[in-house]
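For clarity, chains are labelled A, B, C, D and E in written order, and residue numbers in each chain start from 1.
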Amino acid sequence: MGKSEVIKKTSVYFYDDFNFSECASDNLEECLSQKPAGSTSWINIPNSNDVKIIESLGEELDLHPLIIEDIINKGQRPKIEEFDKYLFIVLKMIDIDKNYELKDEQVSLVIMQDTVASCQEDPADVFSEVRERLRTNKGIIRKMGSDYLGYSLIDAIVDRYFVILEKLGDRIEDLEEELVSDPTISTLKAIHNIRRQVITLRRGVWPLREVLSYFDRCGSPLIDESTRIYIRDVYDHTVQIIDAIETNRDLLSGILDIYLTSVSNKMNEVMKFLTIIGTIFIPLTFIAGVYGMNFNYMPELREWWGYPMALIIMLIVGITMLLYFRRKKWI
Amino acid sequence: MGKSEVIKKTSVYFYDDFNFSECASDNLEECLSQKPAGSTSWINIPNSNDVKIIESLGEELDLHPLIIEDIINKGQRPKIEEFDKYLFIVLKMIDIDKNYELKDEQVSLVIMQDTVASCQEDPADVFSEVRERLRTNKGIIRKMGSDYLGYSLIDAIVDRYFVILEKLGDRIEDLEEELVSDPTISTLKAIHNIRRQVITLRRGVWPLREVLSYFDRCGSPLIDESTRIYIRDVYDHTVQIIDAIETNRDLLSGILDIYLTSVSNKMNEVMKFLTIIGTIFIPLTFIAGVYGMNFNYMPELREWWGYPMALIIMLIVGITMLLYFRRKKWI
Amino acid sequence: MGKSEVIKKTSVYFYDDFNFSECASDNLEECLSQKPAGSTSWINIPNSNDVKIIESLGEELDLHPLIIEDIINKGQRPKIEEFDKYLFIVLKMIDIDKNYELKDEQVSLVIMQDTVASCQEDPADVFSEVRERLRTNKGIIRKMGSDYLGYSLIDAIVDRYFVILEKLGDRIEDLEEELVSDPTISTLKAIHNIRRQVITLRRGVWPLREVLSYFDRCGSPLIDESTRIYIRDVYDHTVQIIDAIETNRDLLSGILDIYLTSVSNKMNEVMKFLTIIGTIFIPLTFIAGVYGMNFNYMPELREWWGYPMALIIMLIVGITMLLYFRRKKWI
Amino acid sequence: MGKSEVIKKTSVYFYDDFNFSECASDNLEECLSQKPAGSTSWINIPNSNDVKIIESLGEELDLHPLIIEDIINKGQRPKIEEFDKYLFIVLKMIDIDKNYELKDEQVSLVIMQDTVASCQEDPADVFSEVRERLRTNKGIIRKMGSDYLGYSLIDAIVDRYFVILEKLGDRIEDLEEELVSDPTISTLKAIHNIRRQVITLRRGVWPLREVLSYFDRCGSPLIDESTRIYIRDVYDHTVQIIDAIETNRDLLSGILDIYLTSVSNKMNEVMKFLTIIGTIFIPLTFIAGVYGMNFNYMPELREWWGYPMALIIMLIVGITMLLYFRRKKWI
Amino acid sequence: MGKSEVIKKTSVYFYDDFNFSECASDNLEECLSQKPAGSTSWINIPNSNDVKIIESLGEELDLHPLIIEDIINKGQRPKIEEFDKYLFIVLKMIDIDKNYELKDEQVSLVIMQDTVASCQEDPADVFSEVRERLRTNKGIIRKMGSDYLGYSLIDAIVDRYFVILEKLGDRIEDLEEELVSDPTISTLKAIHNIRRQVITLRRGVWPLREVLSYFDRCGSPLIDESTRIYIRDVYDHTVQIIDAIETNRDLLSGILDIYLTSVSNKMNEVMKFLTIIGTIFIPLTFIAGVYGMNFNYMPELREWWGYPMALIIMLIVGITMLLYFRRKKWI
């Protein structure tokens, strides 16, 4: 989404209101030793599969062994845990590919007094805008502490959900149109697939709501009062996203109903038409069959008016049935 | 809904029990400088897409930057936020067009000690009645403070929901009748569409309930005790609307069942009838076929009673089958 | 529901343990001036559409303007509101007509220290039994205060729900039997209609539960401790009614399933039978067709055994197919 | 459920750790006058329809008139009510007959300091085991007070639920097998009936959960701390029963799906087979029809190879269609 | 899963940071008498059906009789109970066999100050890894107390759920593929079966959530603060498992929809094709029938162009119908 720079190395950024410096190296200890006094530092680890770096992070920040485990073992649910000296937050970053398959990636945040550490599974750079704001001193980010930086990172992830929702919404609209114009079994499969994606998205976002609600209300000394309104703002965004997801789920099941009904309707119409055709000709064929019998004494067969009479009878029967079907609104 | 005057300019109204004055200008600062001492002022901004005006509003009232953002960025969920000096409320105003499509528009309210600011997306004037009551000093509105004005504006929006619900309700009844008399696929689409509108309405009203509940119970010094009963009244109205929406949802799904059943019933009746016709003639055609065979030694063919006998056999078979079908209650 | 006297005029009843007097007049002020000291008074207004009377009630009892509005504007949801000097309760009285259509009517109660006011929409007399108990000093009603009178009025309304539930229950049983013996589209419509009535009933009773729960627990000084057990008793009845409503809803949806299944089963049986008949005769007709061909050199045609052989082949084919179908359990 | 003695008379049992005596008489006053000092008494009334006895019970134990009413008027929901001197508990005892119809019967318990009264609708003796333990001083029952006796009675009722659940579970399994081997409309009705029984059971057990939870946590001085663990135990049993009921409900709806699918599958298979038979012979019959035409100049008719050729063409057409159908996996 | 040693005898393990000893004997008293001072002991009973051992356990640890009953009577729901001197926890260990049938087994834990007792139904050794860690002093387990040991045992059970979930997930994916390639009634039965297994798993895991939540928050002095983070960790795992179960349930019902739709779609396509074939030949057969009639005066029959004309008419009618069907997109 956008061509942002992709940082593949572990990077540490130091900033306060006036200064900004960065250090990109996989030797975390060395980098952290450069920390200017009074500055806030942001440690961004783009590849949390690298166990060594995560363990050195744990040593540097003195993290609980279970935290290290949670960062390394992917597949955690979004959650927040409060410790004396830090908050640990797990989030899901969600990406969408061309086939509308969602891929979720775990992002772990550790928020301390003057440090934030963020660990991503893949080096896709969702945080480039935050980095830019830090570098260029745009907005208030460098005036605020580590709690605001934590908020900014979460906000960047939540903002991406909106992009994904929009894409899914567009796809649902396309499918709806396809459904009206030409419903096929592949449309059905696409609907089923989108439904599955919506479930995936839902699973990532629902627990986030609780996480942010706790983040806002936990009363940790790490979070400044002035930052809480921003947290509430991203909480509101999350609720909005959940709302949109639920509406999409409702619409999708409605779409499925429409699909099933219109397919079965179409099929019924076909069957009805065909049966009517068949039904009209069966009595006519019967009449033809009667005069095809080989009895010696069938007086009509000998008369000149026999043949036209038979044809006229057939015509009358056929038209009568047609009229009857029409009156019954069957055709 | 009614021919009320449509105010397209930003307007400020000053009032107390005895005086009323207004100022319509996009220069908010100038207008606010005219505020009489001790009066309550209502700033009505009919076009919140105009970023400049919203920003000047933010400056004048000293609003938090996030509030400004929330007013400008549409698509917020109804919510309430309490600050030291003001309450910020987001609502959805909902309009319905001829095709029963709902359109929702964000209305943002800021309620301060002696000022209320209301920002609409479109200049459709839902507030004209409130303005009229202010101008003509009707009711108690000029005797009460800004909290009561805030209530009055919310009440005006909620009242409109009733109008929309009634229109949707009438439409549902029409569709139900159409369904009984002549169900078509377009009836189904209309039902699906109304269902979608009901979902939209629901999404706008459900969070409003929490907003008003919080508005009532938040204990903000901005809200006078005597105003709370009015807030509870509009809260009751909201619950009533939610009730009606849920009932409509229930009825709509019941209608859909009836539709599907009656369509498939009709179709089955048709198919059954046609199959019966076919089934009666198939044995008859078989008999005709038998006597149409060209064997030299078929004694019946030579006898004078052969033909009438064949016809009588056919008649008997046909009537027997008809009677059998009737006894089985198939026709 | 019984032939109780229908009181169409506003009536005021004064009572204590020893005395009872009444005054029927639309001039409420005059009536209330006759109130004996120390007595409890019950003001029963059978026609709350008469705005004048309601307004004079408001003046006499010094009610909040919103209360007056709520009494006059029908369609309120059951609710309770606590004021300093009175409790305001809105209830739904529900009636059922011959076609099992429910009609709900709003009953508003104001319970004060020594006065209860009850406002009905229609003068149907649901309260005649309470009046009788007051007049004849039956039970403990005249020994208790206005809170017990309030309870008695609510109890009278809730008791009627049981009658309605029983009627609906009987109807559902009838429909179930009709369904087994002879399901038609009109049975379906009746089921749908009963379902709608159950929804209406549910809407009236669910909020009542909260109302009574609040009535019990609100701790208002207007309610004596000894009365609370009675309130809890009517609360229990309400929960019982809700229970029965939910069970009915469950049963109704089960019935609908049975209906749909048995109709489609029946239809399928018919179609299968008809198709089998058709299928047996089609090969037979084919054989007849073969020997109806006009080729010069068809040796069988010339032999005396040709015709019986053809008939026997047909017989064998027909019987074989019948046996096959039977073995497959299709017939 | 076992051949336990059925006690039809009101009986009173007095016991302490060392003594046990009983008195069976409908004259309650007389019986209770025999109560040994310091003993606990259990009054068991097997026929609570006898208003006289219940009223004399009310007098003897000084019960609130509403309690008397609740005991006499059956159809109460399971509930618990706490009074100063006693706890009043209503339970449902459930029996199952041969046709798997559940019959529920109200059991009312009054638990006082040294007395327990139990009122059953019918004299079916669910309490015989408790009586036996009292008589034979088995277990700790005679060492404990009236609260433990109350627990024992409730436990006896809850234990019976397990028996019923097991019977229903066996029946569900039988139906499932019947469904796989030979699904008929009567299987469907049996499933519907079992579903109804499960709903009935559920209605009796769900509120029991709250009753027991309250019984445990109410903190009444009537309940000794050492008894509470037993109450929690029967509470756990109730939750277990609810669990099993919910699982049964889930399974039953799954069974219904399987039934509907397999019936419609079977029917579709039949229809498909029959239609294929028909479809193969229709073109063949057409060919026979062509050579049954009476045109003078049809050269094939005169040739010796005409008839075998026609037969061969028919054979080829028939086999081709069969192969086509097979390749399409239709047969 | 994996080839871990299976211990069939009751074993007691004593450990502290420096020492480790074990005693395998069914004579519990003897074993426990060997307990080194200051050590923590783990009593592992692999066969809780052996009533004698459980009773001797009860005596040794002074357990409440109800606890003994709960350990012996299988079929308890997962639960936790807090006593003065110990916590009693019931869990479900779940195993899966080759046919994807789940088998649940009750595991009961008693956690005391310096002792943990674990009772399994079957001697399948889910705890071998814990035993190994104790023996080899791996990790922190020997540095922590009995609460950590309790956590480790629960963790071992919860970890097994992940294995089962994965197997079920793989199976669901297989079924989905089978469904797309070749849906049969046995696929449906497999789906139904998996659905039932998911329900079983769900029943075991849902209450575990509450159990662990209580375990974390109960504030029992038996649980050290430093252990609580581990309990929260296993709690998180449980929530994750519940999440995955719910998603599986969602997917399974979606799969069922796809199955039903694709089966009925396929069937409809077949029926449509067959009906079209039939419908095309019926009018043709009629034409053949007409010229098979035996009227003396049918001029066309005598002309040389009669036969080719009839054939050409048939050809035109057949092609016209084919084209019509194609234009209507029926074939």
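In this text, a residue touches a chain if its C-beta (ideal position, glycine included) is under 8 Å from a C-beta of that chain, and two chains touch if they have at least 3 such contacts.
Here the structure is a predicted model, which is why all the values come from computation and not from measurement.
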Chains contacting each of subunit B and subunit D, listed by label: C
Contact-graph separation of subunit A and subunit D, given in steps at minimum: 2
Fraction-based call for subunit B against subunit A, same above half, different below: different
Inter-centroid spacing, subunit E versus subunit D (mean Cα positions, whole Å): 26
Distance between the centres, which are taken as Cα means, of subunit E and subunit C, whole angstrom: 42
Multi-chain contact residues (two or more partners), subunit B: 264, 271, 275, 278, 282, 285, 289, 292-294, 298
Topology of the chain contact graph, where touching chains are joined (line, ring, star, complete, other): ring
Sites on subunit A touched by subunit E in the complex: 64, 66, 70, 75-77, 79, 81, 185, 188-189, 192, 195-196, 199, 203, 256, 260, 263-264, 267, 270-271, 274-275, 277-278, 281-282, 284-285, 288-289, 291-294, 298, 300-304, 306-307, 310-311, 314
Interface residues, subunit A side, partner subunit B - complex: 229-230, 232-233, 236, 239-240, 243, 247, 250-251, 254, 257-258, 261-262, 264-265, 268, 271-272, 275-276, 278-279, 282-283, 285-286, 289-290, 292-298, 328, 330
